[in-house]
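In what follows, subunit A forms one complex with subunit B and a second complex with subunit C.
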Partner chain A sequence: MALAVLLLLGLLLTGGAYAMFTNSASANAQQVSAQDIAEGEKLFVANCATCHGMNAEGSENGPSLIGVGAAAVDFQVGTGRMPLQMHGPQAARKAPQFNEEETAQLAAYVASLAPGPAIPDDEYLDPALGDPAAGGGLFRTNCAMCHNVVGSGGALTRGKYAPSLSGVSERHIYEAMQTGPQNMPKFNDASLTPEEKRDIIAYLDEINTMTAPGGFKLGSLGPVAEGLFIWFFGLGAVIGLTVWLSARAK
Partner chain B sequence: MSTTTPEPTTAVGKAADWADTRMGASKLVREFGRKIFPSHWSFMLGEVSLYSFIIVVLTGTYLTFFFYPAMGELHYDGPYVPLQGVEMSQAYQSTLYISFELRGGLLIRQMHHWGALLFVAAVSIHMLRVFFTGAFRRPRELNWLVGVGLLALSWAAGFTGYSLPDDLLSGNGLRIIDGIIKAIPLVGTYISFFLFGGEFPGIDIISRLYTLHIMIIPAAIIALIAIHLIFVVVHKHTQWPQAGNTERNVVGEPVLPTFAAKGGGFFFLVFALIAGLSAFFQINPVWNYGPYDPSPVSAGTQPDWYIGWADGILRIAPGWMEFYIFGWPISMNILVAVIIMVGVLVGMAVWPFFEAWVAKDNREHHVLDRPRNAPTRTAVGVAFVVWYLVMWAGASGDLIAVFFHMSLNDMIYIFRFLFFFGPIIAYIVTKRICLGLQRKDREVALHGRETGRILRLPHGEFIEVHEPLDPHSAWRLVAFDSPEYVPAQADENGKISTAEKWRGRFSKFFFEDRVAPLSKAELEAAHAHNEGHGHHLDSEGNDQDGQGRPLPH
Partner chain C sequence: MSSKEHTVTSDELDVNGHTNPGLPEHKPRLTDTYPEIERRFERQVAGWFVLSMLGTVLFIVSFIAIEPGESYDLMRLSNTLLGLGATLALLGIGVGAIVWAKNLMNDHEVTESRHDIHGSEEDRAIAVEIIKQAKEESGIARRPLIRNTLIAALALAPLPAVIVFRELGPLPGDKLFNTLWDQGVRLAIDTGGIPENPRLLRAEDVTIGSVVHVIPENIHDGDHALDEKAKAAVLLMKIDPDELNEDPERADWSYDGIVAYSKICTHVGCPVALYEHQTHHLLCPCHQSTFDVTDHCKVIFGPAKRPLPQLPITVDSEGYLVAQSDFPDPVGPTFWEINTR
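Presenting the complex of A and B:
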């Protein structure tokens, strides 16, 4: 018993230290070699520099990336938003153009320029460790006004929109909160602690993996979808019945 | 009982006889059973309203046994994981209980909600059918008024029910109602405090809405439905213009056995439809929304469809409509929703009387108008439908914007434009279409149906072979009322009153563009001419009616 308690204590302590370490801005949990950074720089110059400048200092086509950190690059490149294909109200998610390794190299390069948010540690990404109910409450107060209560997405002004959150990986959810891509606000560790971010991840995981209790969800878009459904299918079927019943036997 | 009635022999027969000799039900049944009900699909829409209402009452009764309209706070400990430990009201908790723990609870909840949506939808198109066919005309104006009452009550029934579960979505809806009430000048705040028992949201509103939702509103609906149906029996049902249907008869099927059997079967079909929808399609997943809390608002917060148009008005009304009088804000941008809703109900209520006044038509009408034969009424109706649709779509501008990758701001400008011009365009287009269809009817009645077969005669002339109509089909095309423009008339003192001047103007608006029904003489002349011949085209391809005059187009 004593051994177990000791073990637990030890785990908690190292875990805590680990967390402090990974959250301190510059360091990165993944081992980063000088070679990664060099490869990253090459990729950057070839693919990103036209907009973000030769040294990521920014240009009129794209903001400076100095200090955005590995997390921002991992999110933007990992969700296919960067490299940007065309200027519009908002960079849309698309199939990523770089593999895991290249993404990590790009992230390492940008992180080497100046300290910034690092790629989150796995410990904060595991839905099993989070509390989905607490996460649901946090989600409703912080995220639902843009993303809808179950993350089905919603419109913002002038063609911008908060995308649907189903099928987004835990890491990208965390990084989105941490870096606030484009029109999304940033939720730093003071406004949502890493544990709270994990609760949100647990909530999204829970509602995205469960089978809807009531049947087909109609996109979880709420009363508008329900209204259209009853007019087109419900009333449509009813009118079909009336026509059938009042057809004369011929 | 007449002496020829055979004595009952079976047990059921004896029981029936026992009951009948005491209640005299057989006379009533015989009398009612002989009523005739014309058969047309659109005449069954009222029935659909009735059946879906019955289903909603049945399922709702089941829900009352388990729903708890109270605001006591507790921590959820039921099976739905993403809410475990969350603080919520008893009302919300009992809704979750019904959904996840009560046997059949979720199915019944979904049937209640799908049934309610279908009910209001059925009432709405039933009303449209009554409008577009002119079934509201004398002697049925009063029943139309009863109908308007039912329409308003069905909205109220739906809205009060939608608010009961005390979830985030419905709470946001109530918040809007609170805002609308508070926008009423001078008394708004007092009314809001009175309704909510203090500052919004308070703890009284759910139980008050519950009383309205399960008692007062359904009782009023049931009373009005009873009156409505008695009126339908007393006035007898209207019928379509058809050879043999006149203002003095009703052609159709007797209530017993045909209509009643069909109707009874139809009830179960509607029941099955609602049960089927509810078994497969989720509706109002309250567990998604979480308990009500005044601070969060979700994207995509919308009311049920029948309140959608009011929400749409609020969304498209520009902010500058709010102004100040002596420092007091007058929130016209919000009040406009109330004004339009009340205005629409009042407009519906007065329409039958307005139309009768304009046309100076005080006759009874038991034969319906085909919508094309009342072009102005039909066009006004379609314009209203389009206007309603614009407001309705306004409520879902955010979803439309995302779906079509458009800017939400542009959506609002488009809706504002359509709010004013949509109905006008719809009016003009519909009226043109109606007049066109009437001309086409006239043509067909005169010259028969086009067969598409073109013959070339030996001397080079082309004719299209037309097939004459049988008298039954022809009747429908020629036998209809077509009121004419009656200019303002002077009264006995030789004066034209202001009201009469207005009547004259409206009459012009209604009846100036008119395609007259065929006269008997025209019809006979055409028949004489058409005997055995085709329809002639002259060298330029213009229609000729045989006297060298181009036909009216």
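Presenting the complex of A and C:
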């Protein structure tokens, strides 16, 4: 009896310590019940199991979801990327198929399979608490090569692309950095601390809400789009003026 | 200049086998015929010039009245009004002048004949005479000693310039071959710019599928930290060791699936950092050179010719990731002297 109590105590302690360490940054206030998990499992079996396997163990058509955590599910389902519409180089963002409650139930089910990144705390999602200038430096070092310096997105290899970040919710930006959806690498709490992730969110919020001081942004796509614009409209104006200049007056 | 009456002469009838068509018939413009249209164009030209004046005033007023530093909206307003003012000021003068010239200035056609380019026979004879006289009087043809020493002196005279230009800047020396990485230098996280106290990186901090932008911890040791960073920047990735396809002789350059490669493209030196963690392709955004991280960053697409140099890494006794040595291959674009050592 004493042994059993000791064993129970030890398990509780190590489990608690583990949960504290793995979720230190993102201990979520959202409580999940056993019923949520059961509902989530039903949704999973009906909608996801074809590719991810009956027990989320993965198949030829989809990766294992054991250990991806609630954050990955919330991102993939919440932005409509999953369930996948069709196979292709990349799953595109679309209108979400599940409402918030169903997404939370799915996330609860996947999180119950193995520990993984949880849905982040609101404290780390508030742009007002972050430093946009520091976030800009971090964004240019870690994100801008794929997502463009102001988050307009860009092309990758063989039909894949880094999507535009405008209009993406703070929570989904955080979760994408944390879980590395599709071909995006993961940025764990060691390489980008939760505070640094919040700085990046603050930077994106700043550039998405500010007025462009230079007038037309032309999609903020950089020199190629701007060159194309001046090629058509600038050269067009020059040609038009030349024709007018050399025409005889009536 | 001849007048507008044009008479066809016999030698103009056949120019290179073509008959000279002469000038088209002169048609008077509307402004030549109707005085009210002429007055309308006069007012239009004056209008363009007045518009130019208004543009100048707009520029000066908006320059004085708007402090652009206050907010993004004011910055945008200031830029818009300054641009509009300058455009109107210059365009008004230009368009007004052209409308004036096309519609109001005299409209008669003018024909001018071409002249021979060469001088008259007399002038040419004088020039030849001057050269002959200079040859005679200087005696350069009769005195080969003077002539040859002069040629030699002229040939040598530019040499000081070559020596001076050579000293204008420091020669690269071995800068192209060395970076700050060395045995035991710890890997630190690049948090943008030059961090004051770089955060060090442990092997357990790097999870599979993650990528970390890395600089040497001794980034402040060089003369110019940004120059050193530009050479020593490293991309660290962790790949499932089963997916890594390593040379036996380079197998100990990685640690538990963690591999470190130079971030500077071997084509023209852009930062290569578009890492796809499912395909393990590393793409350069400038010219689409693509490197296979599982295969020692071999070039699989694009204009780059060399694989990205690998930084041999390991962990020290405290668990921090450290370099085993400098890059064995020079980082960045290939250069002429790359095979000299």
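One rule holds in what follows: the second predicted complex is superposed on the first by the 221 of 250 C-alpha atoms of A that agree within 3 Å, B and C clash if a C-alpha of one lies under 4 Å from a C-alpha of the other, contacts with A are read in each partner's own complex, and residues count from 1 in each chain.
One rule holds in what follows: a residue touches a chain if its C-beta (ideal position, glycine included) is under 8 Å from a C-beta of that chain, and two chains touch if they have at least 3 such contacts.
All values reported here derive from a predicted model rather than from experimental measurement.
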Subunit A residues touched - subunit C or subunit B, whichever exceeds: B
First, second, both or neither for A:Met145, with subunit B first and subunit C second: both
Subunit B versus subunit C as contact partner of A:Phe216, first or second or both or neither: first
A:Gly137 touches, of subunit B and subunit C: first, second, both or neither? both
Contacts of A:His87 with subunit B and subunit C, given as first, second, both or neither: neither
Partner chain(s) touched by A:Gln182 [first = subunit B, second = subunit C, both, neither]: second
Touched partner set for A:Gly154, first subunit B, second subunit C, both or neither: both
First (subunit B), second (subunit C), both or neither touched by A:Lys42: neither
Which of subunit B and subunit C A:Ile239 touches, first, second, both or neither: first
Shared subunit A contacts, counted only where both subunit B and subunit C touch the same residue: 134, 136-137, 140-141, 145-146, 154, 156-158, 162, 212-215, 245, 248
Residues on subunit B engaged by subunit A in the complex (per definition of touch): 39-45, 48, 81-86, 99-100, 106, 110, 114, 117-118, 121-122, 125, 168-169, 262, 265-266, 269-270, 273-274, 277-285, 287-290, 293, 295-305, 308, 395-399, 401-402, 405-410
Subunit A-facing residues of subunit C, complex: 29-31, 68, 72-73, 75-76, 79-80, 98, 102-103, 107, 189-193, 201-202, 205-207, 209-213, 237, 271, 273-279, 281, 283, 285, 288, 290, 301
Residues of subunit A that touch subunit B when the two form their complex: 89, 132-137, 140-141, 144-150, 152-159, 161-162, 203, 206-207, 212-218, 220-224, 226-231, 233-235, 237-239, 241-243, 245-246, 248
Complex contacts: residues of subunit A adjacent to subunit C: 134, 136-138, 140-142, 145-146, 154, 156-158, 160, 162, 180, 182-188, 190-191, 196, 210-215, 244-245, 248-250
